[in-house]
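Same chain, two partners: chain A is paired with chain B first, then with chain C.
And now, the complex of A and B:
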């Protein structure tokens, strides 16, 4: 009986603490750019001739996406997130959508929160078999013939999960399962913005699937905007 | 009733033999230098099995016709020499037939599978995996890079596990999803399976060879006609088996050289 009350009180404190920590969305902002130095590996074109329904989607064959670069040596598909200093957030009610289209994963890197609904859609005229390879979460692989409804899943632990298709060896993507709602995935221009951060000391981490991760500490006080840039060392092979 | 059955039997036997004798279902075009050996063997098997089939059906029809409508109590006459002689005779004749097919067939088989390729045959490595084929060419340096299974990274198009960072020979290796070969040149295909059993089958080449995980097998062939032919997996390998295919693209020598140059860029 006493135990239950303690737990209840704990929950109450937790809820009120969360409410106090984020009184209004107008907080500080961390913004910046992710770039690379050196020469990144040349992304090779993907041969989809064995799957004509996908090959005909492209006029020129698409390339692998393990390193996505933009003009000015910027890096795309980098997940920038608060790895320490922010409390865990409850999962949003909207689903994160991962689409199989033209025998590729769109987006190539999907960031979502712990316990958020993950919706996997097959828009192709061929069967896919989606097979994420987690180390901490439960592993599964599911077949998805064309025209079947989306697959709904969720992950209960934070983790970066590579995703492959058991039918098409070239298909490759990533899930970034994160603990809080402060994250961004860079576009080709490498820039990111993490808004609405209450005052505090944070660790900002940038993760790239081939180059690993980098972290920097940032202190936010009030409604200021701080700039944090990341530079990864590119490998030619 | 017995006579009616005998007539129906003869009609069925002749009707099923006709399309084969008349070459109603011809073999697909043969584009290899060794294919005629396989085709000859197939024809021979077909003729011998076909004749045996017809003979057996006709004998059966003859007995049905002759011994039908017997009076219930009339005794059966003994076959001359008794049943034992007949069984031994049939056993020997069928055995000889099977043996003869085997002895003659092994020559065709051995000439394709148990001979070495010529020294200047084009070297190509074929890898089968669930559910695709990939082909590797040594590139301008003529040397294959080493394979490191732990380096396999399919999302990065490294299907063979090459290590270009440390292995110079691997840097110019060409990896393709299509088997491109020049016409009238011998190709030495080194086959290597990555996960489970698969099979390399090109019907126009008259080649069907399994991939065995852990075993490096090889076939060699010379394609004699340019064009695009289907390579299919003919060993049930998993849920995507139906979809496991690639193309054999036989090009003129000039086109082949161009293709190699393009791939090396």
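And now, the complex of A and C:
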């Protein structure tokens, strides 16, 4: 249930942002699937006994989300984006929402654009501190007790930023701050679609938090749909 | 003697060749009150006093760094614990100046009070040459600290409630001993283990020992560490209540707050229960 929500939110953010921002309706589309080969590490159940208000949310303990897989060796929570060939886009006016619920981050991987508003919400009955760890952007660390208003922030440089809560060491998420609006975050089924691409030569990059990134070059001419698949080599630990 | 001179000459030639590359040739100034610091003068001081730990590139990778815990500050990242500015923003020149003067308790960074005021101002100017953040960003606006209200039992008690509500105890422990449930898992932004402050150990916290400094610590947060900023969630008058309560946790250090707290039967019982009345080995022989 939780996992579905994560995946759904991720896909929704990615696809909707990509669909709205590009004004060119007659563009081409890049679509495909992200899979893995080999054996991914088994995700360990999270022990939330130190935080009873969160532990009681779950009937069975949730697992870590550093590698999210689906049937057919597919990989979820992979950010697929145009890393070269597309111009930088202005930030959309809608905020990207990052929610703390049940002492986890929803979505686990939040893709957003440079200078887009990032809204961080605490739905839990416990205090969290939101501590993103950027290398290029400003590093801040804020406390958010229950019932306090959302935190509003933004990042002015493109970067993949790990996020943690120091109070609850199992909490771990990611911000993918991207330069343009052509991106998607895969769901559990590993599939992605990047629509509305004007003709041109693009580099498509897939980023997974544990396995790094891979890129492929694709040329789009007119309204065609091209398929690009990514296969990551899974590490057993 | 000939060898010594030769080594010195070679050293100077190497330094002269490397320094401009490292630090950039531009002059940077610092302003601390009436003092103006100059990076050119600060460079000479840095390469005499600081680089052994902070390194020739200012990245905290000096040759002594491998032996030090916590590791020396990385001036290239330009993330600083002790600031008067909001979390995520650059500190004021005075913040860096005060850090150099104060030193950091419980670390290998000594107090550089022996330098002249001008020396420290020059060093601040030079430290700012290591990161391009000083060119592209301005320091944040300092967090305002209103004057301290009268100390009352009610304010201490309310501070205690805040300590619970804000869940300070998750890291600092119910008695402020730095032993809360999350304490053992904490790491700083470089993945190095880090301990929450133990209030019972001392009253000299790293970023200063006065009440306004304590106020500032939790309002600004200590960037680069697990200690977050509470500026958005604590009201200014409540923050003073928290300061008053935190002083009562420092039961080994006389303070007006502790004295007032111990003058009440409730406070006396709580403080007495914490005090170590036997020897630390538990032999039962009173010191």
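What we mean here is this: the second predicted complex is superposed on the first by the 214 of 237 C-alpha atoms of A that agree within 3 Å, B and C clash if a C-alpha of one lies under 4 Å from a C-alpha of the other, contacts with A are read in each partner's own complex, and residues count from 1 in each chain.
Note that a residue touches a chain if its C-beta (ideal position, glycine included) is under 8 Å from a C-beta of that chain, and two chains touch if they have at least 3 such contacts.
Please read these numbers as outputs of a predicted model, since none were measured by experiment.
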item: Superposition on chain A - do chain B and chain C clash or fit; value: clash
item: Chain B versus chain C as contact partner of A:143, first or second or both or neither; value: both
item: Touched partner set for A:133, first chain B, second chain C, both or neither; value: second
item: Which superposed partner A:166 touches (first chain B, second chain C, both, neither); value: both
item: Touching partner for A:151 - first (chain B), second (chain C), both, neither; value: second
item: Touched partner set for A:50, first chain B, second chain C, both or neither; value: both
item: Partner chain in contact with A:182 - chain B first, chain C second, else both or neither; value: neither
item: Partner touching more residues of chain A, whether chain B or chain C; value: B
item: First, second, both or neither for A:237, with chain B first and chain C second; value: first
item: Chain B collision site on chain C, chosen from 167-175, 221-229 or 257-265, when both complexes are overlaid on chain A; value: 167-175
item: Overlapping contact positions on chain A, where the chain C interface meets the chain B interface; value: 50, 126-127, 129, 143, 166-169
item: Complex contacts: residues of chain B adjacent to chain A; value: 129-133, 153-157, 159, 164-165, 171, 176-178, 238-240, 243-247
item: Chain A-facing residues of chain C, complex; value: 77, 79, 86-89, 137, 165-167, 170-171, 181-182, 185-186, 189, 221, 223-230, 232-233
item: Contact footprint of chain B on chain A as seen in their complex; value: 41, 44, 46-51, 64-66, 126-127, 129, 143, 162, 164, 166-173, 210, 235-237
item: Chain C contact footprint on chain A (complex, rising order); value: 50, 126-127, 129-131, 133, 135, 138-145, 148-149, 151, 166-169
